[in-house]
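Same chain, two partners: subunit A is paired with subunit B first, then with subunit C.
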Partner chain A sequence: MAGVTLRGVRKSFGRIEVIHGVDLEVADGEFVAFVGPSGCGKSTLLRLIAGLEEPSGGDLSIGGQRVNDRPPAARGIAMVFQSYALYPHMTAYDNMAFGLTLSRTDKGTIAERVRAAARLLQIEDLLDRKPRDLSGGQRQRVAIGRAIVREPQVFLFDEPLSNLDAGLRVQMRLEIAKLKADLRATMIYVTHDQVEAMTLADRIVVLNAGRVEQVGTPLELYHRPRNRFVAGFIGSPAMNFLDVVSEGRADGSVRVWLPGGVPLDIAVDGAAPRAGTPLTLGVRPEHVGLADGGAGLVATILAVERLGGETHCHAALEDGQRLLVRLDGDRPVSAGERLRLNLRGETAHLFGPDGQRL
Partner chain B sequence: MSGLPHSSLERQRRRAAWLFLLPMLIVLAGVAGWPLFRTVFFSFTDATLATLDGFQGVGLDNYLWLMRDPVWWRAVWNTLVFTVVSVGIETALGLGIALILNAHLPGRGLLRAAVLIPWAIPTVVSAQMWGWMFHDLYGVVNAILMGLGLIAEPRAWTADPDLALPVVIAVDVWKSTPFMALLILAALQMLPRDLYEAARVDGVHPVKVFFRITLPLIRPALMVAVLFRTLDALRVFDLMYVLTGNSRSTMSMSVYARQYLIDFQDVGYGSAAATLLVLVLAVATVLAVTLGRVRVDAGR
Partner chain C sequence: MDPKRMIGRIAFGLLVLGIVVWAVFPFAWAIITSLKAGSALFTVEAWPSQPSLANYAAIFKEQPFGRNILNSLLAASAVVALSLGLAVLAAYALGRVRFCGRGLLLFVVLGVSMFPQVAVLSGLFELVRWLGLYNRIGSLVLSYLIFTLPFTVWVLTTFMRELPKELEEAAMVDGAGPFVIVTRVFLPLMGPALAATGLLAFIAAWNEFLFALTFTLTDDARTVPVAIALMSGASQYELPWGQIMAASVVVTVPLIGLVLLFQRRIVSGLTAGAVKG
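Presenting the complex of A and B:
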């Protein structure tokens, strides 16, 4: 097993640079997810690690060995493709065994490895079938099996679940989690689905426009997003952002005024912004509470979405700013009603004019 | 069929379908069915071009004569050699050209258009053009080969019995390779890119990738292309006729049939040859389709 290290890795297609110098350390046996909106470069970064693209700059090492000049097959990696990329004219068994057959691995060993992988993935009965006779989930298992039999140091997954329907995706997510525990290999997993990233990964790398925005454990990203982008990307439904004005600093916290003249004190690490600086207040829908009465933020409900277990209220503050509030499933609220809201400093985030966390 | 009575809507649909098909069926019967029937019919008679109205049935006589004519068998042999060799070379060359065109080369669009030109020229025109180029006295082929010192004296390319068939095959390869290349290119462009990436991750050697992945996947399209070209080549006429006339060294089955039908005005005998040619085509098609399918299945 081996870790993966990226040092100043860049990639340009023609004149356009899509990866702007990425530094990253993936520890041996770690499960790291790359997330970001489409076009952020997460798949390109994975393909650079796989060797399917050549970096325009920087160093890439796997297991302490520089692999920039090595072809994909010599990097000790295996890759699972979004479209599965199974050879349509071969049976599931042959798909899994193909790479090994050509590397002159002894037949008994191949059969043993394929059977072991098939057992792990519960596809032993499907080995004689062609891909066209398999369902989406079964194809995905064969594709993962093909990766397993290579016994790689690093597994690379490129959006492996995005072609599956919602129910199957949840099931396969659990299976991948189990695989991670069974194989104890280093895994790098690209997804645009932050729920997959949050549930599977030891650490998440959030990418945006070819840059790493933040690297951290799922809960670090949730509780302490480093900037507005990460704050908005991680968490579902997405975080609310309100325009507020800094009042100045007092006792390691910054006081801001909410619409309607409600003060809120928020603890910050960095230097205090001058009074009058426009700031962005971030608060997650699940952290907006209802005030028992008295003073509070007043909001008018614009629309109510009932999901059964929870209720989403789209509301407007007095100055017109929008806010999503997440309430209990059975809370009797309706559009047009006025709510008195309660925000707490501990669960609120403050971002400066440059979008960075204060 | 189920025993249930068809609903009136179903009957109406069937009637409409036949109504739409009718004009096509009439045209087909007129331009294909009737001539074919007449040819088969005449092949059992002693009709000539002059006596198309007065003829007598002769049973299988025409066929028996045909079986005993060494010139016919020479024509069959020529046609088979021409078909196997030219289609073989065209397939190999077409595959090579298609693989090159499929690579991301600069100016690929222009190249693709240029490759198609030989296919776009009518065969009679290109055959005549090659006829002049292969001319024994004024031909550019002789001039070039002598200039390079490869031959000492001019060759009679289209008259020499040993050279005529190879020349005809060469011209057919020049003309028909683009057709092969284009059909194969279309198949190649359907192949998903990530299969090749998976093969790279698996560390499969490019030559193995070609034989184990590319070739099996384009085989259905390749089989169709080969079948088309084979049927085309089995009834070849224009190339031989323009380049070498009725010369026995290159005569194909079609040229033989035409010679008896028109030059010798023996409609009965010529029709028998033409009917046999159709039979050979039919057998070749059935063989190609069945064998092709068997091979595809065995490969899977």
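Presenting the complex of A and C:
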């Protein structure tokens, strides 16, 4: 088993640079998820680690060894592709055994390892079927089995569940969680599904336009997003952002004025911005409460979406700024109604003009 | 049925009939002629009144026709094997490896096939002599590759490009080098393309005339098309039509057999060729 280290890794396709110097340390046995908007370079970064792309700069090491110049097969990695990439003309068994056959492992060992992996993934009965006779979920298992059989130091997954339907995805997610516990190998997992990232990963790497925005545990990212991008990307439904104006510091916190003249005090780490600086206030929809008394932020409901378990109210504040409020499933609200909202300083986030957390 | 549709159907039927006659008549004529003996050749009839296999016996007796068939078979098989082998390797390079000048190279390959055969004939003749292949099958194999390679390379390159990239990458992660990827991952998926291009190459080589005429001298070294063309009768002024037709039938039947044999593979390969994992 081994960790993975990236130092200033860059990648350009032709003249266009898509990865702009990534530094990352993945510990031995850790499960790290890469998330980010489409086209931000998640797959490219994973393929750089796999050795399917050559870095234009920087160093890459696996298990303490520099692997920049090693071919994929000599890096101690295994990769699971989004489209499974099973060899169509081989049975599931041969698909899983192919890598070992090429490295001239003896037949007995191959059979043993393939059967062990098949048992783990519960595909023992399917071993002599061709990929076309397997369902999507079964194919994905064979693809994962092919990775396991190689006994890699690092598993790389590129959106492995995105071709499956919703129900199967939940099931496979639980199986990957189980796999993670059973194998104790280092795993790097690319996904655009937040739930997968939040539930599976020890740490999440948020990428944006070829740069790392933040690395942290799922709850760190949720509770203390480093900047506006991460704040808006992590969490569903997405965080509300309101334009506010700083009034200056008041004993360890910054006071801002909300539309309608409501003050709010928010604890900050850094230096307080001068009074009058325009700031962005971030509040998650689940952290907007209804005020009991007469005081509070006045909002008019524009639309109500009922999801059964919860209700999403799209509301407009007095100055026209939009806000999404998440309420209980059966709260009796309807469009056109006026609400009095209650924001709390502990669950609000404040971002400076440069988008960084204060 | 209303008359309009009726007329339409009849017209369609006639059209189909016309096409079938146009396609089949020459071959049927050859079979009929080959069964006629002596002067019956010059009477027009739908089926010979006294069909005889004398012509068929004669072609094998009066010249080494069996040997000619063997020559053709050897030359065509060698051409198919060589052009498929070379084309698969070339297709991997041209279809999957990015290198500078790839497009240009593809067009050069195509350009080679645009020269008429006569244009390269004398140059090739010198080459064949220099290699000591004159009057040998080797000269034919070498020269036939000139026209089979361009299209086998093109077809296989196109086909290879369509194969998913992730398949190759999965094999690379599994530790396969380019040769293993070509032979153990791509080749098994290329059955239909190989069957189709191999068949076309075989037919082209089997029917080739000009090179075969130029590069062979003796009866023993000739291939079938040349042997048929050079068949002569008892006198200079007499062409043994019956025997020529019999010989043509004999050499066409294996081709039809081959097409029928591989047709199933081509079609089944195309439908079952769901490459996507």
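The rule is short, and it goes like this: the second predicted complex is superposed on the first by the 358 of 358 C-alpha atoms of A that agree within 3 Å, B and C clash if a C-alpha of one lies under 4 Å from a C-alpha of the other, contacts with A are read in each partner's own complex, and residues count from 1 in each chain.
Basically, a contact is a pair of C-beta atoms (placed from the backbone, for glycine too) under 8 Å apart; a residue touches a chain by one contact, two chains touch by 3 or more.
These numbers come from a predicted model, not from an experiment.
When both complexes are superposed on subunit A, subunit B and subunit C clash.
Once chain A of one complex is fitted onto chain A of the other, the partner contacts of A:R7 are absent, as it touches neither subunit B nor subunit C. In the superposed model, A:P88 lies in contact with both subunit B and subunit C.
In the superposition on chain A, A:R139 contacts subunit C only, with no contact to subunit B. In the superposed pair of complexes, A:R211 makes contact with neither subunit B nor subunit C. In the superposed pair of complexes, A:P131 makes contact with subunit C only, with no contact to subunit B. Judged by the touch definition given at the top, the superposed model places A:R340 against neither subunit B nor subunit C.
Contacts of A:M79 after superposition: both subunit B and subunit C are touched. In the superposed model, A:A50 makes contact with both subunit B and subunit C. Of the two partner chains placed around the shared chain by superposition, neither subunit B nor subunit C is touched by A:H314. Shared contact residues of subunit A, touching subunit B in one structure and subunit C in the other: 50-52, 71-73, 77-79, 81-83, 85-89, 98-99, 102-103, 146, 150.
Interface residues of subunit C, counted against subunit A in their complex, comprise 164, 166-167, 169-176, 180, 185, 188-189, 272, 274-277. Chain contact summary for the complex, subunit A toward subunit C: residues 50-52, 71-73, 77-79, 81-89, 98-99, 102-103, 131-132, 139, 143, 146, 150. The touching residues of subunit B, when paired with subunit A in their complex, are 192, 194-195, 197-198, 200-205, 208, 212-213, 216-217, 299-300. Listed in rising order, the residues of subunit A touching subunit B in the complex are 50-52, 71-74, 77-79, 81-83, 85-90, 98-99, 102-103, 130, 146, 150.
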